[in-house]
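Same chain, two partners: chain A is paired with chain B first, then with chain C.
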Partner chain A sequence: MIVHKSPAAPAAAAPAVKLTGVGKAFGRTHAVRGVTLDIRQNEFFSILGPSGCGKTTLMRMITGFEEPTEGEIALGGVPAVGVPPHKRDLNMLFQSYALFPHLSVHDNIAFELKVRRSRPKEAISEAVREALALVRLEGFGDRAVSQLSGGQRQRVAIARALIGRPSLLLLDEPLGALDKKLRAEMQLELKKIQREVGVTFVMVTHDQEEALTMSDRIAVMHGGRVIQVGTPEQIYERPATRFVAEFIGTSNFLTGKADGAGLRVEGLGTVPLPEGGFTGAGHLAVRPENVRICSGESALPPGWAALPATLQQVVYLGSATRYHLALVDGGAFVAETHGAEPAGLLAGGQVWAHWDPRASRFLAE
Partner chain B sequence: MKSAVKSLPDRATGWLARAVIVFLYVPIVVVVVLSFNGSDVTYKWAGFSTRWYGVLADDTDLLSALRISAEVGVASATLATAGGLLAAMGMARLGRRFRVAFSGGLFLPLVIPEIVLGVALLAVFGTLRADLGLTTLVLGHLVVTLPYAALIVLGAHGALDPALDEAAADLGCNAWQGFRRVTLPLLRQALVAAWLLCFTISFGNIVMSTFTSGVGTTTLPLRVYSLLKGGLTPEINALGTLLVLFTFLIVLGAGLRQMRRILVGGDRTPG
Partner chain C sequence: MTVTAPAHAPAPPTAPARRSGFRSAAVTAALLAPAGVTIVALVLVPLALVVRDSFATADPYGGIQGGFTLANYQQLLDPVYLKVFGYSLGMAALNTVVCLFLGYVVSYYLAGRPPQRQGLLLLLIIVPFWTDFLVRTFAWINLLSPGGPVNTLTDALGLTDGPTRWIPSQGASFVGLVYAFLPTAIFPVYASLRGVDPALGEAARDLGCGWWRVHTKVLLPLARPGLLAAALLTFVPTLGVFVIPVLLGGGKHELVGNLIVTLYTEFRNQPMGAAASVVLLTLMIVSLAVFGTAAGRLRRKAS
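The block that comes next holds the complex of A and B.
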């Protein structure tokens, strides 16, 4: 039943959401500033950032619950600023689900079709049945909302949001209220539903793992601005700023001044950079999984960056082992290895932390 | 394990609870019993009789007072409930600071003695040269009941998830459709409760009525009060019995609906 609405010819090429210099100020506080962003048709796009970064405000401007104080918003090529929420071709999956407690599951899902009077009665029941099948809740139509578990409520909310075949579905922290196991299940399920219905999904989340696993592309927000837009791999492997490198996954940082020889770090000497041509102050980010440790200098691969350190703690994680190190300047450093623990490493011992410079990333200040 | 032998304090509280119920219902039972008194005075039993019901049926004075009270009650309860609903919805759209000030202003009349309000209102009506009558009576009762209605509706409205409003808009409702399809049905119970409470308060009101009723708009409580001078007859008991019966039916009706909802499983509380 749910087929992607065929948009008018010129709109087909237009991005699902086009933000141009969008900003929002509440009094003197700027929640969002200068966001320019294209979200493509049919992609699973995430807006990722810590709480207070402006991601929720940005989403509410797309839905129309807030109006931007500057900039332009276009949905499918049509200017949207000033258009009230009920006239926008999009739906939202609310964090609290916002199911109507006075209506049955069936009536919740049928709500939009009844309000918009877009279809005859028999067609509505048929559409509800199909929507229930989409979220695997066949036969739940007569239940009261209060009789459902958290996961079931979310499925009803998804069915309700998708029944009107919107061009765009906005998801506000969709998995936040679910327990861990259910969350992993719903991650895959949401992705599957998105592929099935072919609707552009825009998810707002603070959970980097969620964004990495589900998204085609991610926009990382911080302080009201979009810092970086890219695929999960680009965001993880090539973070644009120290903030992104810190927020997505974990990173070790070395701070110093770059020149032709490498990064000069006070107290640690010169560390090789991934490539030449960097100058000026900056940070070198190294992912723990790219750091190896060994006890003897002779075992160091040629050309790798290496720093002497004291092994402080070994944490066995099951699938990996994490080594907490103290560098000679007192700074903390973390290495993580999969597989067998290198022999002869004891807490308190002297080791070498080393990595392939190409696996590190220089971030200018 | 539950002990079969209850301690003295346990038993004492049990008996106290029973005593409270008895205390609350003894007057009602007495009124009902005495309404079937054949005697001319309320306090002396002279055998079973329904003659006072007959007297009541022919007492146009008392019945017209009853009608006035019902009319004023319906009008002021309806206006108060509507006002409470509008206040709740308006306050949800105010900034926090305004909201605090506004709710303070709304609830202040609750702690002002009614007699002060009555005197004040009479002065206002006098200044406006308004004739005392049904309108002034309804307005006076509105001053008394509106804070109660606002209190009930505000509480219920505040407990609603604000996202419900947005969800309605998101799913195609304009403001009116959102109100009719989501807000109103979710507040229905609170509105019914507010209306019933306001009606009851208005129906039994005597202080405000003293100041705001005019010639020909004597309410039932005022009429009964004035009868005290000429001596009460069991006719008043007959009237009281009928009112108790009427209230009982309303409560029973509401209670049955509640019961049905619980049994059928249409629990309305979200979350």
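The block that comes next holds the complex of A and C.
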């Protein structure tokens, strides 16, 4: 049974992928547990997490290479558990590209159309030409796979995966094997291709920058569970847990007990919270770019949180300057500024680290 | 070996070059000599003698009388002998096909196991190889004997009723052949399949192949060099086998190897035995050439 997308059918309104309580156990090891997730039609969705978080297993369950040990998977509104991979209306972009070494570029790209026998011969050649144009590899059809560079192989893999116009394309760490410059180029390119073909992309990655740049929405995974789902802004600005705040970008953390007055941190006193109403143990997360430093207490803006610290090191990054601070309790704190370096700041000097409480985030334990 | 002129005494460039060329040629010849002598004395000379004998006439006691005649080859054209050659080629072909099929299935299974397990399983396949060929063939006489392990099993499954005599038979002989050559067929195919990225099989499934077409469209083409090597290693040696048909086949359905032994020993017709050997050798060289051409074409296609 091949599930074909048809915009007129009511199924078009169904999410491209719907996971309900999906879990996978290998023996006694639970790789994925209780994942419930909707991936919308035509969205660029990323599953982000460190290695071993279960993201690859989750993706392999969507493709059908693994069957879940619990829960339901629906693709375009149709139950998919038990449907073998070759009967699912989706394709995958493999991390190693998995191009067939015994076939030419043309035959690699034409592979799916030939296997599915869905089109006459002339139409296949035409489709391959279009696919090659999509990935800007016109005229490469007769080459052998071994004659291509890494970036070109990736483009061929994309063309091969998209030629059958699947409803869904899964990308497994698609840019991991490319060098830095090529990676930045392919990030934009993949995004452009996704808009052009209008296919739902689901990307699995451990690279938070990649996920933030490319995705419409991101699911952050940790320990087999989905911790948070949201737009890149939501994930970055409003992380749900300390793990998310740590994994996405960098954060300073102050740990203590919240009450009506603020967060009581042992050895540092009370730090104001972004808003009232928090109680109990938790962490206050502050992004380095939201932290300002100055040398005199008089320069502190009213209402801001402020902590005295020793400036330990100034690191010039080109587009920004990073200040490594030591708080009075010995804890490390980092501030980052984009403008000119505030005058009179020398390593070893006493400074005030301060930030607008609204730019910080309280994460309950 | 190269000789460099001392830096402090620059000599005319040609003289040392020529001397070093001469010396290195002498060294090369000296190093090659043992192997060359061995090959000439133990391979080429006996081969030449066999070829020479195949054109000789026989004395009444089967000895070599000398002279030159094509009669030995003409006699081999007798349907009795042609049948043996035909039967041998057929058996070799059948054995090759069965070994390739089983070899592919086993290799596919092996290549899909976890790496640590693969070593152990390979060892289990190699172990019988360390036992003498004759002993292994005798083992089959025990296994297939009436009331033996295989018979007990087929009795239990209801396939036979009581002690059954399988030896001698063509079937037993064929089982012996497959058993003897299966490991030789497994190794090259396994070597090919092990080098195949597992993601290729998944990519094929992802792109619409059921399990059958995963094999026909991707894995079999990628295993082709191994299959070709396995075919060569099975087909050519099967042509020369003679122990198995004697022990398990009762010598009734002879292969060329048995024919040669019979001609030399029982018939005491050495020139004819030599002629049969030369024909067998020619058949092997022809098959080598055929497989070699196929392999060459495969390489050209791949590059």
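Points worth noting:
By our rule, the second predicted complex is superposed on the first by the 358 of 365 C-alpha atoms of A that agree within 3 Å, B and C clash if a C-alpha of one lies under 4 Å from a C-alpha of the other, contacts with A are read in each partner's own complex, and residues count from 1 in each chain.
The criterion applied here is as follows: a residue touches a chain if its C-beta (ideal position, glycine included) is under 8 Å from a C-beta of that chain, and two chains touch if they have at least 3 such contacts.
Because the structure is a prediction, the values reported are computed rather than measured.
In the three-chain model built by superposing on chain A, chain B clashes with chain C. Looking at the shared chain after the overlay, A:F100 reaches both chain B and chain C.
Of the two partner chains placed by the overlay, neither chain B nor chain C lies in contact with A:G339. In the superposed model, A:V145 lies in contact with chain B only, and not with chain C. Counting contacts by the rule stated earlier, residues 63, 65, 84-86, 90-92, 94-96, 98-102, 111-112, 115-116, 144, 160, 164 of chain A appear in both its interface with chain B and its interface with chain C. Across the complex, chain A is touched by residues 161, 163-164, 166-174, 177, 181-182, 185-186, 265-271 of chain B. On chain C, the positions that touch chain A within their shared complex are 197, 199-200, 202-210, 213, 217-218, 221-222, 302-303.
Every residue of chain A that touches chain C in the complex is listed here, in rising order: 63, 65, 84-86, 90-92, 94-96, 98-102, 111-112, 115-116, 144, 160, 164. Chain A meets chain B in the complex at residues 63-65, 84-86, 90-92, 94-96, 98-102, 111-112, 115-116, 144-147, 160-161, 164.
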